[in-house]
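Next come two complexes, and both contain subunit A; in the first it sits with subunit B, in the second with subunit C.
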Partner chain A sequence: MSVYVASILTNMALISFLALSAYLVLVVGVVSFGQQAFFGVGAYVTATVTSIYGGHAVTGVFIGMLSGAACALVLAILTVRLSGLYFAISTLCFAELCRLGLLQVRAPFDIDGRTTGPDGPEGFSNIRWIFEHNYSVQDFLVLTTVCLVALLGLLFLLERSRIMLRARLVGQDSILAQSLGLRPILYRIVFVTLSGGVAGFGGGLFALFNTYIEPNMFGVMLGVHGLAYAVIGGLGAPIGPLIGVAIDIGLLESIRAISAYRMIAFGGLVALLLILLPQGLISPRFVARMRRWRKLFHV
Partner chain B sequence: MDFVQTNIDGLLAGSAYALLALGFSLVFGIMRQINLAYGSSLLVGAALAVWLEPILGLGVVGLFLLTVVACVLAGLYVERLCFAPNRGKTGATVPMIASFAIWMQLDEVSSHLLPSRTHNFPGLEIPPMFFGDLYLRGDQIVQFVVAFTSIAALYYLIYKTRFGLLLRATAGNAETAFLLGAPTGRLRLMTFLLAGFLGGISTFLILSADGQVTPLFGLWSTFKGLIAMMIGGVGSLPGAVIGGLLLGLIEAHSSTQFGAEYRDITTFGILFLILIIRPGGIMGVSAYRTGRLAQERI
Partner chain C sequence: MLSINNLETSYGLIKALKGVSLDAAEGEVTCILGPNGAGKTTLMFTLSGIIKPDAGSIDFFGTSLTGLAAPKVLREGLALVPENRLVFPLMSVRENLLAGAYTRNRSDKDEVEADIEKMFARFPVLKERQEQNAGTLSGGEQQMLALARALMSRPKMLLLDEPSVGLAPVIVNEVFAIIKQLKEDGLSIVLVEQNVVKALEVADHFYLLDQGRVTFAGTPGEMENDDVIKRAYLGGG
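And then the complex of A and B:
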């Protein structure tokens, strides 16, 4: 497999983490424009742990995941009162505050004759863990894919549990959920925190793979792309967001002829898809129908 | 004296934000939906006008008319593609995401229309004015005056005419208004066209004061309009004006106090605090509360 194809596939896997984190928030019925903040925080923390403190990548990504989740928990607790649009805008604000805050952090370090560490708009360069441990692009692709598959496995287990069923009820009709004795706010806090963890994990891998990160990589556009993938993929199953990613990056970026007009095509496609299938490709209704068909053939 | 000058600068810049916020507030007030493609529809309008103007050779007045017409057409496109087909299906999320998709699309279209990063936008050649030590830019004064004339005209349209009555009825309760014979679909379209018209005026004023148009204008105007609306009050027209002026003042003072790089941090920080402490904004608490009550009613 050529390096070019491997790096496109790795990028697809990395952005899938972001799309899955947007999916987890959408499941409880709120929209977040701020998932890129957790992705960015995870990336910065992982970079700090591995290249300044010399930690192992596993430690780094783990701490990155925890810090993403911690940020998300703080945001979720601060915004408990807000619903719908207000929540969306406050996540946007939070993410922009994180990005602008990171732009002001200037703490360059000199390690083995190379400058590393966060340096405001210059970014965090020389995250050399994958070079030092001789990981090729293909190896990293395998690593990322294994992580993504493991995450999908966990999500499928979660999907079969009662927690997910209740979270979906909260997302569909929070008043009904409340009258059945559930506490919508609690589900929202838990799922937003989970989504922060997922995004932080993906961000950590992103930092290791890219070897250079800067705050402006984690702008609004990144987060809203993740959100768009989750929405067109549909909220029926965790595989939905991956289909969204595959449509955009896989199909449109790899066809070179239209890559200059990619956003024109993708934007129009999303708008048309939402008119035809407002619940996305893999909608909850689609999943239920598939389950019925499966029963019909198996029994 | 510096303090007075900062206030004047803030208010002059704020008048442009107020116009942008009015576009958002109109759409939110009538439809309870956010049009994220608003900024980029203004950008595409400006890009089309800049692209067409040398071909037609119309001068500054022609450029103004072209900008307004192109912005209205872009608004029509956004409404037809994102908002009209998705009405009443799945709440406010789907149209918001669709409008975001169109945002990306229109940004790409504009960057094809404006191949180099910055393009000259002919300004209004008005000399600056001096009052003692105070310095007032002529084009910004025009911007301020035109902004407030448009706001007054909008106020007249909404509170004194039959069309405005229909709009307010739709905003209050769309189903009842429809049952009583108001053409709600057409009114929603008209709202978008009105927002595009106001947006076209503000685009021309802002860009001619800057003297240039860049592909970043779309994101910039969406952010400024949205923030001004959220600070002032969601869906409230006086709120949008107050929010715009306040945003201008906040920006001017924070950049003189802490330096330009902290300007955006202060703005977003204040907006975040307002959302947490007083979610409806300064004037829009009633809109927030009715929405919330309607949601909590079983």
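And then the complex of A and C:
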């Protein structure tokens, strides 16, 4: 596999973490424009742990994931009484606050004659863990894919659990869910926190793979893309957001002839899908129908 | 029995309930009438713990429900069927019923199954459609499902928020027949209604709510003879 193909596939896997984190928030019935913040926090924390403190990548990504989750928990608690549009706006503000905050953090370190550490708009360079441990792009693709498949496995288990079923009740109608004795606030806090962990994990891998990160990588457009993948993919199953990623990056960006028009094509596609399939490709309705067919088949 | 004393609830600066006091006796149907914006739904939401009251008290069979969160209120045996949000449309009828047993699910699976069968016996149409998505049911069937789902929590008292709204007259008759049946089975019901004529068929006690206050309380007989109510709700003078 060529380095080019491997790096495209790795990028697809990395952005899938962001799309899945957006999915987890959508499941409980709110929209977040701020998942990129958790992705960015995960990336910065992982970079700090591995490059400045010399930690192992696993440690780095793990702490990155926890940091993403912690940020998300804070945000979820602060926004607990906000609904719909107000929640969406506050997530966006939170993400911009994180990005602008990171632009102000200047703490460059000199390690083995190389400058590393966060340096405001100059970014965080020389995240050399994968070089030092001789990971090729192809190796890293395998690593990222394994992590993504593991996450999908966990999400499928979650999907079969009562927790997910109830989260979906809350997402569909939070008042009705309350009248049945559920606590929508609790589900929202848990799922937003989980989403922060997933995004932070992906961000950590992103930092290791990219070897250089800067605050402006984690701007609004990144979050909007993650959200768009989840929306066009649909909320029926965790595979939905991955299909969204595959359509945008896999199809549009990779075919070089049309890659220049990618944003136009993707924007058009999102608009078209929202008109034709407002629930996304793998919608809850689609999943319910599949389940019913499967049942009929067995009987 | 349910006893509400001087209940006050507000949305920000707007006071929706300005000191509501009322009693709902065991085994009776207590009907709350009132125009749009009177605070009927706010009262239902406050009773079921979805909104917290600013002042006043709610007593239910000797337990104070004041300020309790929705899950705890439901566990105490007070269940709400909210207005206009009847079912989870993308879930099957059976899944909707199971969602109603959320507060008890874990320990007594067999009993929950038995209760679902009871609901199917009471509402045969739900049995026919148990695997169908609830969103494909008619308005009347959805109301039945909502009632059945609330009963799945085995409540001592049911709060029904305008069960006849948006239904065809024939279906309204069916819904009220079921309410009557539930009452005969000994269930206590608080019924919010705008259809006074139908409410008169089942209610033992009436309260009129207007702009967040109780403006009338009495028996069906007293109500029928009240001039204001006659003019506003029953037509004629």
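Simple rule for what comes next: the second predicted complex is superposed on the first by the 298 of 299 C-alpha atoms of A that agree within 3 Å, B and C clash if a C-alpha of one lies under 4 Å from a C-alpha of the other, contacts with A are read in each partner's own complex, and residues count from 1 in each chain.
Keep in mind that, in the parts below, a residue touches a chain if its C-beta (ideal position, glycine included) is under 8 Å from a C-beta of that chain, and two chains touch if they have at least 3 such contacts.
As the structure is a computational prediction, the values presented were derived from the model and not from experiment.
Colleague: When the two structures are overlaid on chain A, which partner does A:295 contact: first (subunit B), second (subunit C), both, or neither?
Modeller: second
Colleague: Output check: A:58 vs subunit B and subunit C. Expected answer is one of first, second, both, neither. What do you get?
Modeller: neither
Colleague: Give one of first, second, both or neither to describe whether A:285 is in contact with subunit B, with subunit C, with both, or with none.
Modeller: The second partner, subunit C, only.
Colleague: Would you check which partner chain A:175 touches, where first means subunit B only, second means subunit C only, and both and neither mean what they say?
Modeller: both
Colleague: Between subunit B (first) and subunit C (second), which, if any, makes contact with A:166: first, second, both or neither?
Modeller: So A:166 only meets subunit C here.
Colleague: Could you figure out whether subunit B or subunit C reaches more residues of subunit A?
Modeller: Of subunit B and subunit C, more residues of subunit A lie in contact with B.
Colleague: Could you look at A:111 and tell me whether it touches subunit B, subunit C, both or neither (first, second, both, neither)?
Modeller: After superposing on A, A:111 lies clear of both subunit B and subunit C.
Colleague: Considering only touches as defined above, state whether A:183 meets subunit B (first), subunit C (second), both or neither.
Modeller: second
Colleague: According to the stated criteria, A:268 is in contact with first (subunit B), second (subunit C), both, or neither; which is it?
Modeller: first
Colleague: Where on subunit A do subunit B and subunit C both make contact?
Modeller: Comparing the two interfaces on subunit A, one with subunit B and one with subunit C, the shared residues are 175, 179.
Colleague: Quick check: in the complex, which residue numbers of subunit B touch subunit A?
Modeller: Result: residues 34, 81-82, 85-86, 89-94, 96-98, 100-109, 112, 219, 226, 230, 234, 261-262, 264-265, 268-269, 271-272, 275-276, 279, 288, 291-292, 295-296, 298 of subunit B touch subunit A.
Colleague: For a test of understanding, state which residues of subunit C touch subunit A in their complex under the given definition.
Modeller: Spelled out, the residues of subunit C in touch with subunit A are 45, 48-50, 69-71, 74-75, 79-82, 85, 88-92, 95, 99-100, 102-103, 105, 131, 133, 149-150, 153.
Colleague: Any idea which subunit A residues touch subunit B in the complex?
Modeller: Per the touch definition, subunit A meets subunit B at residues 31, 78-79, 81-86, 88-90, 93-94, 96-97, 100-101, 103-104, 175, 179, 220-221, 224, 227-228, 231, 261-264, 266-271, 274-275, 278-279.
Colleague: Name, in rising order, each residue of subunit A that touches subunit C in their complex.
Modeller: Its residues touching subunit C are 162, 165-166, 169, 172-173, 175-176, 178-183, 284-285, 288, 292, 295.
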